[in-house]
Amino acid sequence: MRSAIVDRPLDPTVLLAEVASTASGASTLFVGTVRRVNAGREVTGIDYTAYGAMAERELAAIVAEAAARFGCEQVVVEHRIGTLTLGEASIVIAVSHARRAAAMDAQRYLIEEIKRRVPVWKREHYADGTREWVDPTRPHATAGAP
Amino acid sequence: MRSAIVDRPLDPTVLLAEVASTASGASTLFVGTVRRVNAGREVTGIDYTAYGAMAERELAAIVAEAAARFGCEQVVVEHRIGTLTLGEASIVIAVSHARRAAAMDAQRYLIEEIKRRVPVWKREHYADGTREWVDPTRPHATAGAP
Amino acid sequence: MNLTVLLFASWADALGSSVQVEVPVGARVADVLASVSALAVGRVLPKPMVAVNHRYARADATVSLSDEIAIIPPVAGG
Amino acid sequence: MNLTVLLFASWADALGSSVQVEVPVGARVADVLASVSALAVGRVLPKPMVAVNHRYARADATVSLSDEIAIIPPVAGG
């Protein structure tokens, strides 16, 4: 099991290879990418920032929980920080498991818990030149910054 | 949307790139691989065979269903036939979607329907030298061949 | 009418990759399956589906000389 | 005691990447959050969690000088 907060482009192929095992019958990859439109606004890029030490601790805790709860062969997660352009990957989650259903259950658990708990923030850049911190607790409202 | 039955090694990276889109916020990859142990027996390889024309038709139908039902940006599936060794990929399913939850729902729908409906068969090679067609309707029983 | 029926996997191992069966004009899928199964009498083979022109067919569907008919043992892809 | 509190995202934009607050010995997480929030009076900031030593902390947990304390605005990773 491995997880990291990194400040360089992510390579899903490397993570997929890292979880490969002849004990597993299924491998899954989840890749989160920067989308052109969010909440009806045109996005041109995203700054991701993290509370590094806590983010690494929380990410490792979630990976350990998923591995134990679902009995995964391997779990590897990388979350990128820094400024990302359209289409770039912000997170890659790779899971391998003897059984496909459990691999997919673990994949979903991982992304949902990461979104809920890991201290990472994103500031979207919009086509109109403005930038805003995304606040998932206030969907479709302008968030946070005064 | 694209699907194919192929007789060469699969490359998950190519399929992941094929579904990439700035309209999507999530891409998923499902890779089915040959596992060392099945139903308690040591496996050394698998022959996959298909009723080619029907398998391609059924696979394309399932991909179209998933794309419509879940509103996917892109879906690409390749199923390999021929003789595979341990760890090799028999199927790769790539999905992209604006929303992560729907991407994962589509992924699960695709693999479950493919396993249920696409006319592909596998004959496992065991460490004791025997070979047997796998019959999922009779779990853990010796299947089929007289 | 004399129909060619395609076979796969364990059914092909037992009977070859295709067989010829004689059925009356207006025969149904169930009749074709019964005729093919009669060739495998005494052998243990898994209960199959039948496909007509690359689609799963109901037991009461009628078949004709121009149809592509196949015995589909339990599938195990993925 | 004088505590340093780390800030992130919208809270850091408003107040800087850290602030100093004076709280009594034996103060709780809720007291620290109240002191930091007082520095942001009049500004609209999202309701945060508080982390102590890299873990989410309950409002009634006590804090000490050696703790690493951070204000955690709503997270948006993934």
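Order of writing sets the chain letters: A, B, C and D. Residues in each chain are counted from 1.
Operating definition for what follows: contacts are C-beta pairs under 8 Å (C-beta built on N, C-alpha and C of every residue); 3 or more make two chains touch, one makes a residue touch a chain.
Bear in mind that the values here come from a model prediction, so they are computed numbers and not experimental data.
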- Which chains does chain B share as contact partners with chain C? none
- Could you name all chains that are in contact with chain B and with chain D at the same time? A
- In terms of mean CA position, the chain most removed from chain A is C
- Task: Quick one: report the Å distance separating chain A from chain B, using the average Cα coordinate of each chain.
- Result: 25
- Per the C-alpha means, the centres of chain C and chain D lie apart by a whole-Å value of 72
- Task: Would you kindly tell me how far, in whole Å, the mean C-alpha position of chain C lies from that of chain A?
- Result: 49
- Item | Shared interface positions of chain D, touching two or more other chains | 78
- Task: List, in ascending order, every residue of chain A touching at least 2 other chains.
- Result: 32, 100, 111
- What is the complete set of touching chain pairs? A-B, A-D, B-C
- chain C-facing residues of chain B, complex: 32, 48-51, 53-55, 57-58, 79, 90-91, 111, 114-123, 133-138, 143-146
- Item | Residues of chain C touching chain B in the complex | 6, 8-11, 13-14, 43-47, 51, 54-56, 70, 72-78
- chain A residues within the chain B interface of the complex: 12-13, 16, 20-38, 86-87, 98, 100, 104, 107-108, 111
